[in-house]
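In the part that follows, the structures are each spelled out as C-alpha cells.
Both of the next two complexes hold subunit A, though its partner changes from subunit B to subunit C.
And now, the complex of A and B:
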C-alpha cells in the first residue's frame, strides 16, 4: 500500500551519468580505478554534502540560503580562535561552539525572512556579507597555520576509519565520512518522520495552505535556517581540520557550487520538492568531475564548463518533463 | 422543531465603509443540505468566514451545537466540527494524496513523530467512506481536478466534520464529475452531516438543496425550501430584477463560409473533424472534458497542432502553428482558465486590453504610443461595459464577470473575424452572464463568427444558432437552427453527450 519512491527518474539519470562517466574515465586511464580515487572523492565532498543537506531543508521550506558558508566560517573560525587563544584542545568544544554559533546566525536569517517578508535570497546575500564582516572586524582576521592549530583538530582531519594497501601506498577512508553518514540519517529522519519535517515540506508547497492546516511558518523557518546553520558550523570545523589551517576568507564564495549541486540533484528552487539522494548525487557529480578530469588529461579549467553544462541540462530536463505533463493536461503557459 | 446545528442571530460585519453582512440570521438544520445563493459580493463568503472563525462579527451571535459564541476562533470552529473547503482547495501540490488528506488530522493530534502507516490508514478510511478509489501515492500535481476536489473533501471529513462548507466546489469540474460530487454530498447527508453548498450554477443548487438562503448586497433576502422556488424566481431574488437570456438568431444574408475545417485529426485528442462556420454564426460546441472540444479550440488557435487535415480561412488554406499566426489570420481565443491564461492579474486594465495590440499601437522604432493605448482601453471598457472606476484599476481587483470582459475587450480590439470562446462564463454570476451573452450576440450580429465552447445547456441553447456535439474525439451530431427549435432538444443533446459511454468520466481520472 505505502509506496515511497526511493529512486525517481531524475536520480536514475544522475546515477547513469556517474556510471557512464566512470566507465569512460576508467577506459581512458585505468589508474582511475582504485580505492585512492574513491577515498579522495569522499574526503573532498564530505564537507559539501553536510551543508547541502541543510540547504535541502531550507529549499524544501520554500527558501534559499546563500549565507551558510559565511556562517560555517564564522562558527569554525571563532571556535578555533578561542581554542588557540585560551589553549583549549578539545574536539567536542570546537563542534559545540561552531554549531551553537551556526544555529544563532541561522535563526537570525529566519527571523529576518519571516518579519521582512522579503525574498530569502536577498536577505541571506546581505547577512552573508554582514556575518563575514562582523567576524573579520570584531573577532580576528589573522591566518593560523599548521603549527598553531590545536592538535585534536589536525588529528581528526587526518584520521581514517580504516586503511587499504594500494600501489600508491597506504590509503585510508577519512573519519569525516562518519558525521556525513550520521547527518544523512538525521536529515532523513527529520524530513520523513517528524511533524516539523513535514511542516517544512508543507510550507514550501504553499504557505497559505500550511497556515490553514495549522502550521506556524515562523517556527518552521526558525527550524530550517537554524538547521542549516548548525550543519554549517559542523562543516566548518571539519573543513578546518581537513586543511589543517584557519583562514579568515576561505569558504565564502563556494556556496553557489553547493546550490548548483542541490539543483542538479533535482531540488526545486521554488520549494516543496527535493530528495536527499538527489542532493547527495548532485554534490558527488561535481566533486567527481573536480577530482578526476585530470585522469582524462583535461586541465581544471574544464571543470566549470562541465558543471555549468550539467546544471543547465538538469534544469532543462526537469522543466521539459513538467512541460510534457502540462501539455497532456492541455496547459500551454510557456 | 428539527434540531438546529447552527444558528446565527443578527450577524453584521463591515469592512472599511462596506457593509458586507447586514443583520443576517440563518438556521442550518442537522443533516441537511443548505445552499447559499447570491451574486459575487453579496456576502456569502463573508458569512462562511465568520462561521469558520476567520472574521469577527461586529454584532450578533453564533449558536453552535447549543453553545453561544460572540465570535469564533478558527480552532473553536474546527473543534465544533466546522470544516471549509475553499475554492482554491488549499492543497500541497508536491505532496501525495494520502498526506494531503491526513495532514490536518496529524497536525491537530500534535504528535511529533510521523507514522506513515497511520497517514495511509486515515486516507484510506476517508476515501472508503465516500466510496471512491484514488491513487494515494500520486502527488496532487499528477492528480485530476476532480480528484483534487475529492482529496480536499476527504481532508475535511477526516477532521470529524459535522458541518461542511463547500465554496464553489464544482467550478473546475465537468458535468460527469459534478454528478459524482453531488452524489457524494447526498451520501454525506445520509451519514448525518450538514453541508452548506455555495454555487453559481442554479441547476446544481436545485439538484442538491433542501434549503436555500438567498443573499443580496449583504442582506438575507429569504429562506426557502428548494421546492418553493424555480430557477427563474431564484435568479430574480438574487439579482433583484428579471433576468432573461436573449435567444440568438442569425440574420446575415452572406452564407459563404469563413472557416472550413476538413478531416482534422490529432492523435489521442480528436479525429475526423469537419465543419464550417459562416460570418454571424455562433457555433456551439458541447461535450465532456477530454471529448476533444478544448483540444480542437487550441488547435485552431495555433497551440496543440493537428496531425492531419485542412483548415481553410476565407476560402484559402491556412497553416496556423502559433498564436501570433492565429492573430494575424483573424482568430481570437478566450481561454478556458482566464486567471492563468488570459490575464495579467497584477496589471491594470489599460495594459491588459492593449496586450494583443502592442505592435499596432507602437511607432516604427518600437515606442509605445501611450495615448493610443489609453484610448484603446477606454474604448474597450465602454464597448464591453466593464464596471470600473478607471482604466488604471488593477484587473485582479475586479469581479469575475468584469475580469472576463477585459479578456474579451483585449481580443475585440484586434478586430477578429473568428472568436473562439472556451467556457466564457465559468464562475460568473447570473447578472454578468446575461450581459456577456448580450455582448457575444451583438458581435455575431455585426458579422463576427463565434465558436462557443460550453458545459452549460442553457448557455448553449440561448446563444448558439448551430451546435456540434462532441463525444470521444468525434462529432457525434451536428444540429442546425431547425433542430434547435425542437422541444426537449436539451435532453436530446444531454443524451448524445453522455449516451456514448456514460462510464467514461468515472474511469478517466485515474491519472
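And now, the complex of A and C:
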C-alpha cells in the first residue's frame, strides 16, 4: 500500500514562505503580531477557501472553471432577493436556494464541457458572462444595503465563535470558519474515500484509462462541476452575510485570484494532481499578501505584482520539474 | 471549372458561411436601423473602434492557432500603454522635447510588449509551461506592474501631437484602420504563403509531430509569442492615443470579446486551423452588433448575456457542423470501399 505523506516538499516550501514572510513583517512592524491580523485573514479568506476546494475538484478532473464566482453571485443574489421580496427570514433557506441554483448551473457547465469537447476555460468564460447577464437582466440589478438585508443573514455574518480581548478592543473568530472546516473534511472524504472521488483523479490523469476502468466521464464531470457550483452557492451566502449587502456586480472577476491560489498551492492545470492542504496554503498566501502588505508600508496597488510574481515562479518551477522528468524518460508532450 | 469552384467553396466552407452571415447582417441592419447605422458618422466611429480591438483579436488568433490561450494580451497592451503615457507626460525621462518623447514612448512601449511576449514564449518553450496557466501568471504580473506604477489612477494629459495620431485620417478613412487592414493582410500572407506560417499550422496542429519533423518547437513558441507581443503593443498605443489617457483596466472586456471573435472566425481552440480573414470578418460582424446594441441602448449586463450566449451557441454550432462533415466523410468512405460481408 502506498503511504501518502500529509505534507510534501512543495507544501513545506509554502509553509516556509508564509513563516518567513510573517517574521519579516513582524520585524518591520510589530503591530502585525496579534489576534486582529489572524482573525482578519481567516475571515477574509474563508469564502475564498470554500470555492477553492471546489476548484481543486474540477482541476483534478482535468477541467477548469472560471464561472464559479458568477454562480456564487447568481445563487446568493437570488436567495437574498427572494428573502427580501417574500419576507422570508431564515438562514437555512438562503443556503438551500443558493446551493440548489449552484448545482444546476454547475451541471450546465458539465454538460457543455462534456458535449462540446472544447477547452473548459472558453466554455466557462462564456457561461460566466451568460449567467451573470441572465441574473442581472431577468432577476434584478439593484443593490440592497444594510437596512433591507434579512436579519438572520447579517447576524450570521457578524457572529463569532469565541472572543478575545485585545488592545484594539474585543476581537472574535468569525463563525464562517466552521463551514470552512466542515467543507475541508467533506472534500477530503469525497476525494480519498469514495469511488467518485477516485474517479475524478482518474479522469484528470487520463480520460481514456478512466473510461476503460469503468468510470463514466459524464457522471464524474456532473459531480465535479456540480460540486463547485454547490460550494459557490454556499460561499455566496457567507459573502453577502459578511459584507451585509447585496451587490449585482461584486465577486465576478475575482475568480482568477482563486485560480492563482490553487496553482500556487501546486494544483496542476493538466489534471490529476493537487492537494487540499496545498490549495488552502495557496489561498492563505494570497490573502496574507492582500491584508498585510500595508504593514510593510506598501499600498494595496502592489498586491497584484507580488501575487503575479509568486504565481509565475510557482508555474515555472513545477513545469520545469515535470519537463526534466519527462525528458529523462523520453516522454514528449510537446 | 464549376467543379473547381465547388471544391474551393467546400474547402473554405466555414469562411464563406461567415462572410455571407456578415453581409446578411449588414443588409438586415440597413432595414432595421437605416440611417442611424449607416450614417457617415457611425461608419467612421466604427472604423475608429475596430483597430484597437482588432489587434487584440489578431493576437488572440495566433495564440489559438498554436492551441493555447494567451490571457496576458490585454494586460500586455495596457501596461505598454501606461509605459508610453508615463514618458509622454514627462513622468519618466523628463526634459525630452515633444517629438523625441513620442519616439521614446513608442520605442519603450513596443520594447516592453516584445519583452513581455518573449517572456511568455520563454516560459512555454524552455519550461514547458502550459500556455493558459503561464499567461494567467504573466497577466497578473504585467497588470501588477502597471498597477504598482500608477496606483490604479489614470495617466492623463498626453500631448496633442500624439493623440492626433489616433484621430488622423487618410482620404477620410482613419489612419489606424488603414494600419489594421495592412497588418491583417501581412499576417494573412505570412500564414498562407510563407514557411513560417505553414510551420505555425503544423506546430499548432500537432506539436509532437512537428518536433520530429525538424521544426524547432522552442524557437517557434518564442517567435509566435513575440509576434503576439508586437500586436498587443500596437493595440496599447492605439488605445491610449484614442482615449487620451492610460489606466489599469482599460480594455478588460476585450478578453471575452477576442475569444468570441476567434471562435466565430473559425479558429479552432485546439490549434492548427483557421484563417486571418475569418477573424477580420468576425471583428467587423462584432462591431456591427456592438453598434446595434448602442443604438438600442442595451445595458452592459444585457451585452454580457448576449456575448456569453453567442460564445457557447457558436461553439455548439461548430460542433454540430463538424460532426455532420465527419459523417459525410465516413459515408463516402463506406460507399467507395466494398463491404466485406
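Going forward, the second predicted complex is superposed on the first by the 321 of 334 C-alpha atoms of A that agree within 3 Å, B and C clash if a C-alpha of one lies under 4 Å from a C-alpha of the other, contacts with A are read in each partner's own complex, and residues count from 1 in each chain.
Just so it is clear, a contact is a pair of C-beta atoms (placed from the backbone, for glycine too) under 8 Å apart; a residue touches a chain by one contact, two chains touch by 3 or more.
Computed from a predicted model, the values in this text were never measured in an experiment.
Undergrad: After the superposition on A, what does A:272 contact: first (subunit B), second (subunit C), both or neither?
TA: In the superposition, A:272 touches subunit B alone.
Undergrad: Is A:215 touching the first partner subunit B, the second partner subunit C, both, or neither of them?
TA: After superposition on chain A, A:215 lies in contact with subunit B alone.
Undergrad: Is A:133 touching anything from subunit B or subunit C once the two structures are fitted on A? First, second, both or neither.
TA: second
Undergrad: After lining up the shared chain so the two structures overlap, which partner does A:309 touch, if you call subunit B first and subunit C second: first, second, both or neither?
TA: In the superposition, A:309 touches subunit C alone.
Undergrad: By the touch definition at the top of the document, which applies to A:205: first (subunit B), second (subunit C), both, or neither?
TA: After superposition on chain A, A:205 lies in contact with subunit B alone.
Undergrad: Can A:151 be said to touch subunit B (first), subunit C (second), both, or neither?
TA: Neither partner.
Undergrad: With both structures placed on chain A, which of the two partners, subunit B or subunit C, ends up touching more residues of subunit A?
TA: Touching more residues of subunit A than the other partner does is C.
Undergrad: With both complexes overlaid on chain A, does A:197 touch subunit B (first), subunit C (second), both or neither?
TA: Only subunit B; A:197 stays clear of subunit C.
Undergrad: Which subunit A residues contact subunit B in one complex and subunit C in the other?
TA: On subunit A, the residues that contact subunit B in one structure and subunit C in the other are 332-333.
Undergrad: Report the residues of subunit A in contact with subunit C in the complex, numbered from low to high.
TA: By the definition above, subunit A touches subunit C via 64, 112, 115-119, 121-123, 125-134, 136-137, 141, 248, 256-257, 259-260, 263, 269-270, 299, 301-309, 311-312, 314-316, 319-320, 322-323, 326, 332-334.
Undergrad: Show me the residue ranges of subunit C that touch subunit A in the complex, using the header's touch definition.
TA: 69, 123, 127-130, 132-134, 136-145, 147-148, 150-152, 207-208, 211, 217, 255-256, 259-260, 263, 269-270, 299, 301-309, 311-312, 315-316, 319
Undergrad: Which subunit A residues qualify as touching subunit B in the complex?
TA: Of all residues in subunit A, those touching subunit B are 1-4, 192-198, 201-202, 204-206, 208-210, 212-215, 268, 272-273, 325, 327, 330-333.
Undergrad: Mind listing the subunit B positions that touch subunit A in their complex?
TA: 86, 88, 90-95, 99, 103-104, 106-108, 110-114, 116-117, 120, 124, 136-137, 141-142, 294-295, 298, 303-304, 340-341
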